[in-house]
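You will see two complexes here that share subunit A, one where it goes with subunit B and one where it goes with subunit C.
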Partner chain A sequence: MYKYDSYDQAMVDTRVEEFRDQTRRRLEGKLSEEQFRPLRLMNGLYLQLHAYMLRVAIPYGTLNSAQMHALADIAEKYDRGYGHFTTRQNIQYNWIKLEEAPDLLADLAKVEMHAIQTSGNCIRNISSDHFAGVAADELIDPRPYAELLRQWSSFHPEFSFLPRKFKIAVIAAEKDRAAMKLHDIGIQIVERNGEIGAAFYVGGGMGRTPMIAPCIREFVPLDQLVTYAEACLRVYNRYGRRDTKYKARIKILVHELGAEEYTRQVEEEFTHLLEQGVEPPLAELERIKPYFADPAFETGLPTEIDRSDPDFALWVDTNTHPHKAPGYVSAVISLKPVGGIPGDASTEQMHLMAELSKEYSFDESRVTHTQNIVLPHVKIADLHALWTRLDAAGLGSPNLDTIEDIIACPGLDYCSLANARSIPIAQQISERFAKKGRTQELGELKLKISGCINACGHHHAGHIGILGVDKKGVENYQLLLGGSEAEDTALAKITGRGFDEEGIVNAVETVTDIYLDQREEGERFLDTYRRIGMEPFKEALYGE
Partner chain B sequence: MANEVSETDFGTSPDDVQFRFRDDEVADHAQVTVDSFLEQTNAVAVRIEPGDDARDLLPFLDRLQLVEVNFPVFGDGRGYSSARVLREAGYTGELRAVGDIGIDQLAYLRRCGFDAFAPEAALDEEDAQAAFARWDNVYQHAADARRPIPELRHE
Partner chain C sequence: MKILTGNDLKSGAVVWWDGTGWSLYVDEAVDVGDRADEIIAREQSARRVNSAYSLDAERDDKGVRPAHIKDRVRALGPTVRPDLTLKPKDPEAMDWVI
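And now, the complex of A and B:
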């Protein structure tokens, strides 16, 4: 794992001081709320329906146990004993007092954490593959590149007042576990003629106008990575729309200019910037890399699993992922208990996950963009003991990538922009399918819910998506089918007219019935949808 | 004339400059818009609005003594790029940030090459000095001469 040196620590400490000073000026009335807003946002502090929400950055989703313990303590000390893991691998607290926020940030800084640029119109926390460094299918660990970009983007003087927020994801496998093409910049580390470089996808995003990022450069040499990113941002800062925030994301610029013209301008700026020497030395990348080196894996470990306990066997089948080292797997802790709030973890649960990561996973855990927690390096021989302890704490749900593994935004329960509640819909759906015992039968099925068109719950990218809309003051839900945020990225389509709360849960059941009825050998819901199209689903839903 | 603003009224005067990081005389020239500047071969001062392209000025850097970059609202960050573009092209004259500028923009503006500041509303002196001095180090290259952390690590 990356460790701060004295420079990194000083930067974060200085930020805490700066924010303390900003808060003081706000409380003294020297800053109006309007002036303070973008400042607090750049520190991850939102004003929500009931209180302030604070978003803490978890760079590329990687945590050690001391950090997880600290997150648990913060939930206890400043919140109501809960934290909420987010779709960008961060954690949010929903009940923060402004006066206490500087102390909270100081507590974070003690464990090399911060809330820098987790919100606001700046370059946000950089996300990555939650199986980085572990997955058997990856080219190389993408996190050193993400760390390089984290540093470059932190307090970037030119790009702190962009037209709109800016999200970057970095992966290094063909399989996309980070929704890379739905980011403002998606970077895939690739190999060409034995040389490592980066493919740049620019202009993706969700929100009200979802777009899949086109590839604008297939290969940027590693010693020009930061320079290329800088060129992409400068063209965006210059031309991104500022007349309406709904059209201010880079996806709109790339769309309006056309990918070709945008690329031409980036290349022009890139040529210019290459002469300016803005690239960090390659030695810096070499310095970062060893922090992400493999831990000391044991060899000669057993690879057999005693499957005599069927509950355990089921959990192993759904919640573990192959590891590159023999005798190990990655174990995924589901934060989606049936009827629970997706992504929530209590103080006790966070403490437990921290302990387990220390005991069983070389002190490391990861946050996934699906709002679960990964213990990346678990010995197969330890799985049963691990599962037993997880299960006792309500963390053993065997439902990864199933219809119970729902992504849901905070919705009307917390969010001032919401049209409808998301959480109760997620709860009802997981309860309904769990009760019917249908979850396992349905297999991989990614269901995602947003409480409004801003799409925080990724509904555009769900195999099944649900979107809360406001229909004459009544909560109403649209159903979407066929999205994907994996390497076969696709945007879901609306089935037709919306449903009320009970109706949407029934509608989900109806479309899964069609799938079960029509699926062919080995097909997931998404595959069947792609083969048979929207019509059969529509017919079942609306009888048309 | 399309430009109704009389030239002496346009832009800020030396009196408006609250912070300055240059030893030369404060430039006191009437600024003109980028469009007029491109037409007037004798103008030496220009004011850039957010929608202007600073690259239009690059052929004329020799005769420029003052560039004022206006921030009508501080959230519109185009002026940061304008400043860096000018400095990268070798402009060494005064680069003055004017308009809706607060304490918390000062450090960023300074790094992008601004060396004079004329905020619309005068800033608290102490808070401003603290803001200019806050960051001992920086992570990335910009228009100032500061060496970023990734380089300092490999001295």
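And now, the complex of A and C:
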């Protein structure tokens, strides 16, 4: 994985000391909150419902064991013994003290990490496929390109004060595991006539106005990748709305101009920029690539699995993914124990995951946008030993991509923007279905819960989505069906009137009953919904 | 009644105006009547509190209860982590928060 050079380290160290000085001046009263707020936000420090919250960037979700250990130590030293992995492959701490934040950032910098640009109207952490560089179905490893974009976007002076925040995802497989078309820019590395290039999808997003990004360019040569991204940003920075934050995202600009006109303007800017020489020299990309070279995979490894332990066999079937190297798989650690808080991990669990990544996965782990952790390179022969240790620590839930594998935002339990709690709904649903023993029977079923219209829990993209709203001071939950954030990206539709806390859990069970009753051979919930439409579900829910 | 809440500048902890200073316990919040803006301006200027605001609440025989669920969650802590709430042993806490 990428290692900081002296420039990277100096930038991060300098930023820590700059923030230390800004914090000191705030505490001494030399900066007002109005002056300090944008400075702390540019360093990832929010003020949330209960305390300051720090969001730490994990570029394309990749961590080494020293970094995971450091995240665990931070949870213990500065927080309350846990962290929350997010839907953009980052981690958040919920109980940070302002006066300790500079020391925390200094500890992060020691392991080549920071919280820069995890808030504010700038280009946020670049996300990617959590199986990048590993998946058998991948064209090439997209992470060198994600890293190049990370370097380009870090402290980019022209894009530090955009109309609104800006999120980029990069993938290199037909199967989309990064919700690429629901980003401001989604980049898919593709091949055309033997040449590798990039397709650009621009103007996607969730939030209060969900949109699927249209493809504005099917092929950009890789030696023009940054230039094309710069052109997309320039047009947005120039014409994106700044009069209301609710219409300031690039998706609104693309929608209002029309994809065709937006593309025309981008192409015009692109032509201009090509003459300016903004593209980094290819030597920089060549410098980056070796950091993402394959580890020294062994050959001649056994590929057979002893399935005599049914619990282990179930976990293997559910939580492992094919690896490009024979004898290896990627193992996914579920952070969704039945009745647990999606995405939360304790200090002890983070230390264990760090140890296991070092012992079994070439010192590497990945954070998924579905709030789980991947050990990307595990020998098949080591799987049982790995699972045994995970299971003993409450990390062996065999529920990947099932109804228990719920994405949930922090909701009203932690977030000052939320209107309703998300986590208790996730807990009740996973408990209900686990108790009934129906999780495996339902198969792939992606359920996503947001506690407000900002959609951090991706409810628009859930096969089943739940949106919490405030109905005259009481939590109320809308049910949505039919969304997807995969390669068949679709936006879910609301079923009808909302439900109270108990009602929404019952409603989820009702729609799964319809699915089980009506599904045909091999159909997932989403397939059945697409075939039979909304009406049977509405009828069961509302008697209409 | 009108009460005041905010976050302690240094620690970020949720605090409530108790008439002379800021308390961690909502039960100690006092009715500020029409003095909210004055107290907020003075306290924020003195850097004792951050992002302060006034809210409606009621006092019953067991304590002060903010009117809106968001403020009640602020008063208690995350409902999903009773071990982190101010009153983890209060069997009735959840009854008035939700």
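Throughout what follows, the second predicted complex is superposed on the first by the 544 of 544 C-alpha atoms of A that agree within 3 Å, B and C clash if a C-alpha of one lies under 4 Å from a C-alpha of the other, contacts with A are read in each partner's own complex, and residues count from 1 in each chain.
Here is the rule we go by: a contact is a pair of C-beta atoms (placed from the backbone, for glycine too) under 8 Å apart; a residue touches a chain by one contact, two chains touch by 3 or more.
Small disclaimer: the values here were computed from a predicted structure and weren't measured.
Legend: residue contacts after superposition of the two complexes on their common chain; A:I96 is shown touching subunit C, with no touch to subunit B. When both complexes are overlaid on chain A, the residue A:V338 reaches neither subunit B nor subunit C.
Once chain A of one complex is fitted onto chain A of the other, the partner contacts of A:I494 are absent, as it touches neither subunit B nor subunit C. After overlaying the two complexes on the shared chain, residue contacts for A:C215 are found with neither subunit B nor subunit C.
Of the two partner chains placed around the shared chain by superposition, neither subunit B nor subunit C is touched by A:V190. In the superposition on chain A, A:Q427 makes contact with subunit C only, not with subunit B.
Of the two partner chains placed by superposition, only subunit B is touched by A:F155; subunit C is not. When the two complexes are overlaid on their common chain A, residue A:L301 makes contact with neither subunit B nor subunit C.
Of the two partner chains, subunit C is the only one touched by A:L27; subunit B is not. Put simply, subunit A uses no single residue to touch subunit B in one complex and subunit C in the other.
Contact residues of subunit C toward subunit A in the complex are 7, 9-14, 44, 47, 50-51, 67-70, 73-74, 77-81, 84, 98.
Residues 50, 53, 74-78, 80-81, 84, 88, 102-105, 107-112, 124, 127, 130, 134-142, 148-154 of subunit B are the ones that touch subunit A when the two sit in their complex.
Residues 26-27, 29, 33, 47, 49-52, 80, 95-99, 341, 412-414, 416, 418, 421, 423-424, 427, 470, 473-475 of subunit A are the ones touching subunit C in the complex. Partner subunit B is touched in their complex by these residues of subunit A: 5, 7-8, 10-11, 14, 17-18, 21-22, 25, 30-31, 35, 38-39, 121, 148, 151-152, 154-162, 226, 234, 237-238, 242, 272, 276-278, 280-281, 283-284, 287.
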